[in-house]
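First chain A sits with chain B, and in the next complex the same chain sits with chain C.
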Partner chain A sequence: MAETKEKSHSDEKPKPRVRPIVRLGIFLVSHSFLVSVVCFTSGVLALFLLPVLAKNTYISENALMPGSASPMLSNHHVSDGNRLVKDLTNSNLKSSETGIESHKIIAKYMLDVGAEVSFHKFHPQMNQFHPLHFFSSPDSGKIQENCSCSSYGINTVGIIRAPRGDGKEAIVLVTPYNALTSSFGEVLSLGIAYSVFSLLTQVTWLAKDIIWLVVDSQFGEYAAVSAWLREYQTPKFSSHSTLNAEMCPDINYLFEIKVHSMAGSKFSNSFRRAGTMTAALVLKVRDQSEQFDDTVSIYAEASNGQMPNLDLINVVNYLAVHRQGLRVNVEKLWSLLNSGWLKSLGEIFESLATIAKSLNPKFKFGIPATEYVEGIATLASSLYYQALGVPTGPHGAFRDYQVDAITLEISPKFSLDKVWCSDILLRGGRLIEGVIRSVNNLLEKFHQSFFLYLLTSPSKFVSVGVYMIAFALLIAPLPMVAASLYVDANSSKGDSSFLFAITDTDEHGITIRSWRWLNSAKSVFIVHLWGAIVSLLPYFICQIPDCSPTTSFMIWVLLSILSLLILNLVLASPLACVKASQEKEWALVKSVTISSVFIGLGLMSVINFATAEIGALLMVPMCLLARPLKLDVRVGTLRSCCRIICNLVLGHIAFPPAAFFLFKGMLDGFGSANVGDFWMWVESLWAWNSATYLFIGMVQLPCWVLCVSILFHSC
Partner chain B sequence: METFNNSKPVLVLLLLPCLLLYSLISFNSSSVEAAMHTNNWAVLVCTSRFWFNYRHMANTLSLYRTVKRLGIPDERIILMLADDMACNTRNKYPAQVFNNENHRLNLYGDNVEVDYRGYEVTVENFLRVLTGRHETAVPRSKRLLSDEGSHILLYMTGHGGDEFLKFQDSEELQSHDLADAVKQMKEKHRFKELLIMVDTCQAATLFNQLQSPGVLAIGSSMKGENSYSHHLDSDVGVSVVDRFTYYTLAFFERLNIYDNASLSSLFSSYNPSWLMSTAYYRKDLYKRNLEEVPVTNFFGSVMETIHTDAAYKALSRRNSGRFEAQMSLDSVHHAERRTLMKVNDQEETHDVNPEGNKQPLQGEEGASKCPWSTFCNKFRKGENVDSLVNYGLVTMIPLLVIPTWLVR
Partner chain C sequence: MEKLKKKIGSISFWKWVIASVIFRLILIYFPQNLNLSSRPEVSTPLTSFRRLAEGYWLKQSSMSPYAGSMYHGSPLLLLLLGPLTVKRIEGQPNHILYSLVSVIADLVSAMLIRATGQNLQLAYLRTLGSLDLVKQIEGSEIHPSGDVAALIYLCNPFTIVACVGLSTSPIENMAVILCLYGACSRLIPLAAFGWVIATHLSLYPAILIIPVIFLLGRGPDAPPWKLFLQRHQQNGMLNQSKLPPGFSWGPIIRFAFWSLVWSVYVLVLCGISLKQFGGLWEMFKSTYGFILTVEDLSPNIGVLWYFFAEVFEFFRSFFLIVFHVNILFMILPLAIRLHHRPCYLAFVYVAIFSMLKSYPSVGDSALYLGLLGWFVNEFSDMQFSLFLFCGYVGVSLLSPVMHNLWIWRGTGNANFYFATAMVYACLQIVLVVEGVSAMLNHERKLRRLITGKTQDSKSGLLSDSSP
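Presenting the complex of A and B:
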């Protein structure tokens, strides 16, 4: 009761009490400089701490039970595989003009063990830039008209039906094989797959169908796999494809041979399907090996930084390391491994951990410096490939249909002679068998473990909950600085033009002043519109025939500049000061720019986190530091000098092509850099429908232009 | 004086029927508490589905086999299996279930009768079985038709936690539910003694809420402990048996139907270092001394099978119930080898006590030694208390008439 009385008393007071959250907001906005410095540094630090915070992977799904069953693959199956390897190498020596012969051999072997066999003929689809195809599912019904009989590929598909299964689910095993230029590694991967396949036709424990897809990789592995998947997932009920097949004598010959020689066998002309795909494994064997151990490399990144479920990687890693004694690799940025500053950073973390441990023995978060450097190198590569948004192998095609898939690349220790061949067949085969048996135990889709993660080693990962912190810290200053700039611009305007203010303190003037930001918003909008136009330009440029990458790039740059100028002339001038009275115009432009960057980064972090993270590392400091050079030159203190230097450096780095060449130079050395490379890189981005391309065109480039315009603002 | 003299025989006459009535009533009321152990039932429940829980089904089937071997007939076993591992497509040995990697014993042979299978195994059905509240359409074979003389073994295995047991990966049986069901069973005289055996993680917590007398409970692990599987069959690719059940079975493998190993010897056979958990038993609700209770009291059966030449010739269906009652009496005379828990029958056939069963005789049972005992028995067999009271009242009427006539 007393409280209510007090309240009623306080209500009578004219000054209302401000809610704590509002006060906190005001406090943060008023100290935005300090807050942004602290947040940004801690964000970068958190990124470097990720290898320390990484957790060990574990099998999250109970049903998987990897390695609980002893492998059944015996020497008998290995000799089956060896037989196929021998036959294929012989046929390659004999006739190498077409791949028909080897396809026949593979199909015959599949039929021998009692599997259903069919051929899938496809025409490779050229990757083209379709402006509206980002994020959309792969196109289904599009059949290219002018495909000649010479340019088709043949996928050989073998299907084992689970003897007591319901036929609703399937596991896919993919082996890329180019019949024309087959390397021994490819043949060996076929051998491994076949030895597993011949085992699986005999076992009684299959709950899911097994599909073995021998992919014709003469037009690229990805294209062939995605062609087969398209056919598999979107049945066509027209007779178009069969007509096409009939027009080509080669493939008819192939089909006829099959049907006549093996009447009554399980060969079929039509496209064969099994159930929903649970998981897919792409198996490769590398020819030349520089490894000291037999190694399995795992490639997992699919388009737009999508990853397969972590459990799939865990199962492979567990079985390879603990059952078959293989070493497991995930990709690293090798150039980072030798960098001294990372090593010293790792040592600092290590010593900090030992100090913490001496204080309290329960603190156990330190990792050795070498492990830290490896963790950072793996993490950087994980971030890089996710950010790129381009799949790292044919497994990416599966991810487009929400199928968990990875590529396993086995690289044997020694050159592949007969003895080692059998050994690799046995161990690789057992690994594949173990993974298939484990996935076979699965009851539902992979769902238990993480989909959003970064790997720091094959057995360590950083989950989304941890790595988001670094990103959140990076972009946290943006709204605060935007707010403080806005407040600052409005109030300081009032102060500086105090004489004016006296003259018009009427309602009208205040309203106009408070809506002044719309002017800056308009200019920011125009630049973003220009960004959209720039990202559409390559669609037209690539229509120009016979254009080298360098010329294309030059045309693109010229057209971009031209379009910016035209937009400027037509709509408004975002660069020039509108009125002399608005000398704080740049602050408002900066405020709106920062807001738009914040929105762009936030959106991008949902679509592709890694892109947003790398983008934030570049753009956030540039946005925060941007300030007209004239002002700094006028002041001339040490602080402003530093700021000028930072601004100039960042202004160069954050320009997308410059950032690309810098990164490329760091990885490969600057010697091979070429202007056309950027065009090719961009081409690959849109070919793979990578959202990174949109991000660069519609967020980063406009942001850079706006920041540069602020730098050269004439106040 | 005359009246006094007259009144003496009257008093005697008055007192006699009262005494008679009292003794009858008191005997009958006590017989409810100390009903004889007449039959054995077993409710065996596997609560978890999915292939990777193979071991739970193997546990339950192994126990099914054991209690069947020790004499509980199929019609007195309610077997609930939440999933069918034998027919799972992942099973390397179709239609077979093993509880050991040596694959010597197929638990899923021809004579396994599963009463509740698959999605029928729910908390609701489980509680219905215990409390006997079935819908009318449920066949007798799916009901627990126990009575006040029944010893029931309730075995459950699956995934559990603190005071709950998961059913079917979708619902839970809480310790309150279990205690409530047991209480209802007690009220409805559905058991004389109940042994609850649970093999889950934190199994001991499931017994926390039990209150009903006559309940003995044993769990595989204490609160905060996990129950582990015993071994993995690398051929089938799953763990095939849990530790607690494995060592329970190991104990019973040494026994045959005539052994009289006590419950305490079973309970003391659990070695925490083998189980990797602490077996917990709760006996505060159970009055008898565990050392004197043979395990066959729960895991075996008192029922004696009578072999007849023809299955359906002997009796019509109408009086078969009475025949059973007679048969159980007859069997006493013929069964020299069996321990019988029927106290009165022991008195009638004093030669039958080969195992030196030292079941304490309670006061009321002592009273039944009086000449009335055969008469009482008759009442006990045929009628219930109500009819007895009616008879008493009827006998009271002439007795009331006689004194009034005498006083006149």
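Presenting the complex of A and C:
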């Protein structure tokens, strides 16, 4: 931006000798229409080219050495795991108090293999709205003090101390388990984890402690994991937790029993810690499956589109495919798989690649059309989940503490009976063992491979250096158009040498002209301020008790309009201050708007790339095309008619709720659309502290308002 | 009519002042949520509040405040502000007294800026009068530059952040402004006091002695003699009464005397306060020495930390000299070119040292952006104004995000943050360069008005309009 702007400014000054770079800048700015059309289309094209440009993954960190050792998990350990599965399924039938019973059973099994065991009691916390959460440290959220005894969860934690380690590092294995409504899949995941755990107590190569966390998922898996993590990372030195335990007799009772029945063992009543976490694996087993193979699904997206280090995914992928013969799967948008136009696009790319290959056999960039469609579907879901900013599983809690974590979901081919059960235990267990063994080899934390990437298949990725090009092409027109509008508006009177025009009458003009954008900047600032107010409003609205989503949404809309009017009255009217005093005033407003959108998109691309990309697809054309309707109506040519239609369509689509419903309709069909849905969606966004929420409130909405005000500008 | 307009202007001025103070007070009540005092942009090793509190605590427990390389400020600040770091009022935010002191410092600075700006404007108009240019300027609107500068200083987000973030830069800035105010209104002891305190607190304002000497010797706005000679040559007669006064050495000698008095006073006070802890030498070593040797390489918005983290140890002293001489190199040419506008010279110096100093913070930028307001009339045809504005907004938003990416998320690295620091430095350079060229253009314009007036004016002017 700096350069283009600079260049654009330099052309204001009529110089006899112009440097080539300045001349290039002037050329770009003066042909900004053509350049922006070219840049935008190539940006969109580049986005569709990403699956073709994707590279194969490779293991970047040499220390990992996945699969170099043969797995040590034997049938003996599998039978251990089977025993646990049997006990848990039996206890399931036995009593109503299974919750505590099954935790006792797990703890007993952990103690049997010689691990340290402790219980972690937590109260589920509602997610709260922290507008400033993004910029602060993850633990700055206040901890709720008033919890009732009736609702608490118990995480069971088993720790193996590494015989070769110094206790400063740890690997975490998480298995969600709801003791009240436990499904066979959950029990089986416990079985897998236990068989690995019992193996790891015996091995001599362990250099990092192993923490096995059985998470009580009755309040949601994420809440339980994040509660444990918070306790682990930010120790409380107050007596708050002990007080709570004293207040709740039934929990105390549970702990009493434990201590007595297992006296002399490694059970401990207090919170146990190991070292800093290197990596975390969340293990799940799905009950039914429609797959043709045994598959492992990988979920990696954490909050705000953060991804774990690519090496972790690579290791899992490598071991699952090449050692255990499992199929690896990442999320796809299934609806895209059957779309005809993607298929034909893929065919076009394929044929182009074959032509290129026939010209020069060294050109090898084509991929088959079906693979292309799958790549696009995966890429779209990757973008979608990153843009949402909501973690796709309990692994998201780890990323807040810079721990790389993924969720592995194993879905077996057949329904789970005894024979296949052992098979899954063996293969799943060996996969986990292999991953742990290779993470165990790490000398430093994960840092070699990428953190910023998009997956197009489990073994292909697009790195930040590639996808940023597509984004940069998308937003490149913004500074250029802003500069050309600015230059236009400033030299509207046709006096090119105004800088040095020094007659008495012109003196006034100079003062205004150079800083004339200040007025437009003020109106843009006011609209952005309004955007900030609008994004804060839900915090107050959700304090109203008994409010259905639809009414909340209505209140929100009403309050927003009201606040816009009040701001208009109090500060200045941003929409009307663009008075016809200057004929090109709208151009200045548009120029400043575009600059602010450029800043907003650039900022967002650093915070959450996917949001910025999707936002740019919507906002860039709207910003670039905005032009007072009156002017176009007055001209009445074909071109201006096209522009009017485009403007009206974009003006409807880019309104955030409209965009949401359109998107939802495309995915789920329009039948079930409801006004309250948008509120629910927004609520989920701010509950998860998604930066997307702030982006919508403080960049997209103000931009839309400004563009609409330009459209209806009276000039 | 004119009076009414002025009155409305002053009413709206006070409205904005009150609004900005209220805004600060509101922000002070949410210190935990904002957590500004731990931001690297706000608190440097020199201006950090936490370090001040630490130094005070060390002093209270009879240790040297400079023990452990925590505190690097003046011992006088410890005496004045230290007690405020521990004093609490029941039911109020922790550091409310200290915050109030910062707010008052900001307010006083703004008032001083306003008074100085008014002084400057008077001097400017007087010069125009003596050059018979008043009629030419009459058509154009002259903004009350004092008010504008004070409002820019008060409403600048940088100033607000530095004030609410509990850094000591509001007080350092106040000392600098006190010095300039004293010199502009010819209160020589005050000017000397401001200069000595500002130098004592943050060393770099020492170079402001050059603009202060010009201010005292010549007055705030003295167009070059050449201009007068040119003008009167053409007129044919030399009106002695309208000539600017020559350079007078009297005030400067008095300034030197007072500076000596104040520095001896300050040093004696410091010496008494540090008697048991190694005395003045210890103070020089851990304040000025710390500034000059760039010992602390924790990230800030400057560019030196990154450079000195990378540089080999045996080149270190060489590059230290290079970086510091860089500032000194610019002093002389600027002084020669801008000597007749000492306040502008001071602005440029402040901008340069806040760009090149070893531990810059946004408080320093707040100072020179405030001083920029003095020259609104001269800057009316400055280029790149929108670009600079957008750049400042973009960088000040991007910098915390990059810091977050690096420190909290772990997905970025130091280069991400340093990139914003470099962009910031470039922006400041562009600002200084464009500012200076706008000022030179303005002067060229004045000269052309003078020379063009005698020739038959307007037609000649228009044809002459390109440089």
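Couple of notes before you dig in:
In the analysis below, the second predicted complex is superposed on the first by the 671 of 715 C-alpha atoms of A that agree within 3 Å, B and C clash if a C-alpha of one lies under 4 Å from a C-alpha of the other, contacts with A are read in each partner's own complex, and residues count from 1 in each chain.
One rule holds for everything that comes next: contacts are C-beta pairs under 8 Å (C-beta built on N, C-alpha and C of every residue); 3 or more make two chains touch, one makes a residue touch a chain.
Since the structure is predicted, the reported quantities are computational estimates derived from the model, not experimental observations.
When the two complexes are overlaid on their common chain A, residue A:595 makes contact with chain C while staying clear of chain B.
Once the two structures are overlaid, the count of chain A residues touched is higher for C than for its counterpart among chain B and chain C. By the touch criterion defined above, A:65 lies against chain B but remains apart from chain C after alignment on the C-alpha atoms of chain A. When the two complexes are overlaid on their common chain A, residue A:681 makes contact with neither chain B nor chain C. In the superposed model, A:451 makes contact with chain C only, not with chain B.
By the document's definition of touching, neither partner reaches A:660: not chain B, not chain C. In the superposition on chain A, A:515 makes contact with chain C only, while chain B stays out of contact range. Look at A:603: by the touch rule set out above, it reaches chain C but stays clear of chain B.
Of the two partner chains placed by superposition, A:271 touches none, neither chain B nor chain C.
Chain B contributes residues 50-52, 87-94, 232, 234-239 to its touches with chain A in the complex. If you check the complex, the residues on chain A that touch chain C are 1-2, 5-6, 9, 12-14, 132, 134-138, 140, 306, 402, 451-452, 486, 497, 499-505, 507-508, 510-511, 513-515, 517, 521, 591-592, 595-596, 598-599, 602-603, 606-607. Across the complex, chain B is touched by residues 62-63, 65, 68-70, 162-166, 203-207, 437, 440-441, 443 of chain A.
Only residues 32-35, 136-137, 139-141, 377, 380-387, 389-391, 393-394, 397-398, 400-402, 404-405, 408-411, 416, 423, 426, 441, 445, 448-449, 458, 461-462, 465-467 of chain C touch chain A when the two sit together in their complex.
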